[in-house]
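These are the structures, in structure tokens.
Two complexes come next, and they have one chain in common, subunit A, joined by subunit B in the first and subunit C in the second.
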Partner chain A sequence: MRDLQDRLGYLVLIATAVAYFAVYTTSLGRPPGSFDYLAILNTTMPLALVAIGQSLVVLTGGIDLSVGGVVSVCVAVTAATGGAPGWILVVLLLGAAAGLVNGLIVAFGRIAPILTTLATLSIYTGAALWVLPVPGGSIMPEVRAVLSNPNIPTALGWLALAVAGWWVLRRTRFGMRVYAVGSDETSARAVGIPVERVKTAVYALSGLCSALAGVFYVSTTTAGDANAGAPFILTSIASVVVGGVAFTGGRGSAMGAVAGAVALTLVIDVLFFAGIDPLYQSLFQGLFLVVAVLLGTAAALLARRRTT
Partner chain B sequence: MNRRALYAAAIAVAVLVIGAVLTPGLASWPGLRAVLVVASFTGFVAAGQMLVVLVGGIDLSIPWVLNAAAIVLTTTSLGMSQRLPVALALAIGAGLAAGLVNGLGVAWLGVPAVVMTLGMNGVLQGLTLGLSQGLTCDDCGHYAPSPLRDLFAGTVPAALLVWLGIALLVTVLLRLTVFGRRVYATGVNPRAAFLSGVGVKGVTVALYTLSGGFAALAGIMLVGYGGQASLGLGDPYLFESIAAVVVGGVSILGGRGDYVGVVAGSLTLVAVTTVLRAQQVPEHGRLMIYGLVILAILFAYGRERAHD
Partner chain C sequence: MNLPRLGMLFMLVVATACGTATEPPATAPEGKLKIALSNSFIGNQWRVEMENVFKAACAMPPYATAVECSVFNAGNDVSTQSRQISNLVSQGVDGIVINAASTSGLNGVVQQACDRGIVVVSFDNTVDHPCGLTVNTDQVKFGQQLAQFVVDQLGGKGNVVMVTGVAGTGADSDRNKGAKEVFAASPGIKVVAEYSGMWDSATAQRVTAAQLPSLPKVDGVWVSGGTDGVIKAFADADRDMPVFGGEAENGFRKYMAGTLTPQVTGMSIGQPPYLSVVALELARAVIKKEREKGNLTIPFPVVTGSALTPGETVFPDLPDSFFADFTDSGPDAILILCQEAATDGTPCPGKTLDVKLGAP
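Here is the complex of A and B:
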């Protein structure tokens, strides 16, 4: 049953997917087709990427509010430059550098993660507005065809790559250290783990993930907006929570967070096809979030009762 | 009173003096009054945020509790003075009820504060948008009753006296009552507090309830100030309330801090923005400087203790 809480994200995703399938089919009289799956995939990509980065930070017991600002500034630069491959590389470096600054302040400046990233959120959002004062910009069609092609599921390949990256990462020494720092920082320090370096690295990786998300955002929407990143702050935290990553650190996985991100995106479609007034959308999203976590807590309680 | 609150007060004075030198208008009473009035809104939400932060919690539901209360006020008072008392009671009641649910979820169901209050924010956003039909309902366009708008008139606006009253109330509650001692005891070490007979759960529920009430109060005052309710009224106050609390010297880990500091923190943040606006710094510059100021203050007195 302890496994149940760890697999919360997948269970929630399966339940949501079943609901989506049922509601879609009853509403339109046919099961969802390849076009629908492709649309879901392409709209989920940015959130899934941010959620991977957020989960890494949360695994060490931190939180990254600046993802909103990093996504915004990366969206702004990508859209302003049209997303030429050279510029995409610059954007990725920029995102990683922004994350690195967070990490250095948190780990070596000893300022609480929520406060550090709150301050840098404002700085990065300002930088995004500076680069792209009014919404607009463009993306090269060739880049779009490779990243989030509206006709063939190219994004699936990138998502698989991200999943594979995580799969390898958690098996490396660094991956083990991330869990060690999140589980018990004092013990991790006592056994000689360079806690500061691990923390710095996870924030840098989170910045890199946000940069990737920014590029995919421009690729999917074909335009940029300096405020594009703001919604990702709360939705990435929600994805991580629904994905079964514990806020106390050390429990959960980035894959759970990806499952959470897909589930959160699907819920919007479920509500739409169920004919619920879009004005009430966030009401159900809020309930979904709390209920998903309560289910996880209930599962953990049941497990404890059964073992004792 | 702790030392950090004094630092916070010193910084507020310094920012105001620098502001007065840069912008002569700020040195006059009307200039200072404008800053104080705008800072009072931050002060109200930050009072609630401080109370939950003192026990190591956080309230992310402030934006829509504030917004919901503002709309409850206008739609029940319908601009009529004789309906104001009932409308005030309903608006504050709505805030307290939302806070109570937050508190029960956090203390009794064990839902992490971030999740519970984020979910509550979504639920209230959905309810507010849905029930008011996106603020297009017949009663939604009403102005605030005139007694409420008069709070902001005069040489010394009554709104500032309300803030002074709240400041005294919160300070007395925390520093001179048994309840206050229990709050700090819970914040320093919940386990030790519980073992020495403090009803930790009850204290937690009470603090979240109060936070909901303070967010509602801010909503009411904002309606009085602006004349009407609008959607998104509370959005700026989520991160602003957290920033005011930590700039005011309250430890984000709980157990330490005073409302005097938070008042100074609110003033500092609003004064910085006001001076930057008066200097005609563009929005991107304001955001970046705002973030850098918070970061500088955090480096000055918001650092955590070094690990041995």
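Here is the complex of A and C:
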């Protein structure tokens, strides 16, 4: 049963994927084609990346609301500079630095993550508006062809890279420490884990993930918008929840969050092809979230009953 | 423990690589056309009216028999709207009419729609991509025209307040740019405050009420949206009523007409909700090859002075927040719609809709 909770994200993903396949095929009389898969992949990439970062922070028992601001500012800089490789590097450093600031305030300033990141969210969003006051900008076609090519699934390679990165990370000493801090901060400290440094690092990593998401966003949409990041705040948290990462910290995985992100994207398509009245779509999206979370809670309860 | 994870990844890879079903063929423009409205945000009065008149138009002749309409809302989330448009492309619609969540964020997917021969027309918050057509008003002119009215009324001398819209949007920056040009050109005019009312009457009222105590005598107010809220804040503070240049809120027009007191001198210009219907007509005409591809800029419906016609430019039985410019008026009207089209999205009884696009 413990496993069930850990795998919640994958189960939800499989269920929504099956539903998507079913409603698509009934609605159009043919299975989804390469165009559909590619479009899903490319539009999910930014959310999947933000969700990876968010899950790292949630694993330590924190939360990062500033992802919206970091994505916005990175989108703004990428679009304003046209996304030349040198500038992409600058954007990634910028995102990591923005995350680092969050981490330093949370870990050493001992200010609650929700307050810290709410404040920095405003700051980063403001900076994005300053860089790109009006939507626009561009991306080099070469960069787009490599990152989110609309004809070949190049993004799949990058997603695989992110998955591999997580896989390696969780087996390193740092990865273990992230789980240790999230499970029980006091005992982690007692066994000599530098809790502050671990926390600072996860926020910096979250910033880096948001920066990557920003670059992919510009690459997919071919332009930037200083308000681009705002939706990612709630959707990344929703992905993490659907992905079975516990808000108390220490349980779950970034891969679950990625599965959650893909599932959330597919829900939009399921509602579309099921012909749900658009006015009620957000209602159903909300219901989906509630059901997914309830499933997770039920699984956790069952697990507890077994162990006691 | 890690095997299922690898398995999932493998499944995803296979699913993506194997998806080789053929793309929908470009449908010949015969029979009933499929045109979809993809809207972003639906949570304000203007968007609701915009969708209602679209639905009403689709249910009225000639559209009732010529076009099969569908409507989708995405919220202010670019990725959701982008998914919906991708799905419309998969469905093989003939045309997509868009009010975008971001002027730039849909460029990628719009390009894909164009590549498949779908006619894309965006309006209000338009899409940048040159392959799509746009229907809009000139937002810079909106700012200029209202500012010029305020300057003229004040004889070129006085304190002016600017209530702006949602920062970061194209319409907001264009309107502000137009207004500032005019104010800057009149040395006697002093802009004493500039703040955002978020294009929302309640927000505009709250922010104005908060600002007023710190402001000197205000002679003119330029409002990008939420005009009735700003007037209420001035009335509540017992301030002298300045001259107003504002949007087309029904409440503002009630003040102008004297239905609500105090009566206000003003000019009301609106971004008309019927842009969605004009976009529908342009899409239909282009698909049917009755019209060359080309962008369209339509004139603003403008109302000044106190001679307002109930049922045409002001609606005493509709709420203040209603946008009174859901229908055009006068002899050169682009289109005429009835009240129930805007309130309920139902067709105007016994009427055939005639949308005049003007010369291409």
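In this section, the second predicted complex is superposed on the first by the 302 of 308 C-alpha atoms of A that agree within 3 Å, B and C clash if a C-alpha of one lies under 4 Å from a C-alpha of the other, contacts with A are read in each partner's own complex, and residues count from 1 in each chain.
By our rule, a residue touches a chain if its C-beta (ideal position, glycine included) is under 8 Å from a C-beta of that chain, and two chains touch if they have at least 3 such contacts.
What you see is a predicted model; the values in this text were computed from it and never measured.
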Superpose on subunit A as described above, then tell me if subunit B and subunit C fit or clash. clash
Check whether A:A96 is in contact with subunit B, with subunit C, with both or with neither, and answer first, second, both or neither. neither
For A:R110 in the superposed arrangement: first (subunit B), second (subunit C), both or neither? first
Once chain A of both complexes is superposed, is A:L156 in touch with subunit B (first), subunit C (second), both, or neither? second
Regarding the shared-chain residue A:P133, is it in contact with subunit B (first), subunit C (second), both, or neither? both
By the touch definition at the top of the document, which applies to A:A228: first (subunit B), second (subunit C), both, or neither? second
Once chain A of both complexes is superposed, is A:G33 in touch with subunit B (first), subunit C (second), both, or neither? second
Is A:A180 touching the first partner subunit B, the second partner subunit C, both, or neither of them? neither
Does the superposition put A:T220 against subunit B (first), subunit C (second), both, or neither? second
Which superposed partner A:A254 touches (first subunit B, second subunit C, both, neither): neither
Across subunit A, the partner (subunit B or subunit C) reaching more residues is C
Doubly contacted subunit A residues - partners subunit C and subunit B: 129, 133, 279, 281-282
Across the complex, what residues on subunit A touch subunit B? 63, 65, 105, 109-112, 114-116, 118-130, 133, 186, 189, 195, 234, 237-238, 241, 247, 277, 279-287, 289-290, 293-294, 297
Per the contact definition, I'd like the list of subunit A residues that touch subunit C in the complex. 7, 10, 13, 24, 27-28, 30-44, 46-47, 79, 129, 133-137, 150, 153, 156, 160, 163, 167, 217, 220-228, 230-231, 235, 255, 259, 265, 268-269, 272-273, 278-279, 281-282
Listed in rising order, subunit B residues that touch subunit A in their complex are 58, 60, 105, 109-112, 114-116, 118-127, 129-130, 133-134, 239, 242-243, 246, 252-253, 283-292, 294-295, 298-299, 302-307
Listed in rising order, subunit C residues that touch subunit A in their complex are 2, 4-5, 8-9, 12-13, 15-17, 19-23, 39, 42, 71-73, 75-80, 82-84, 86-87, 89-91, 102-109, 111-112, 128-129, 167-170, 173
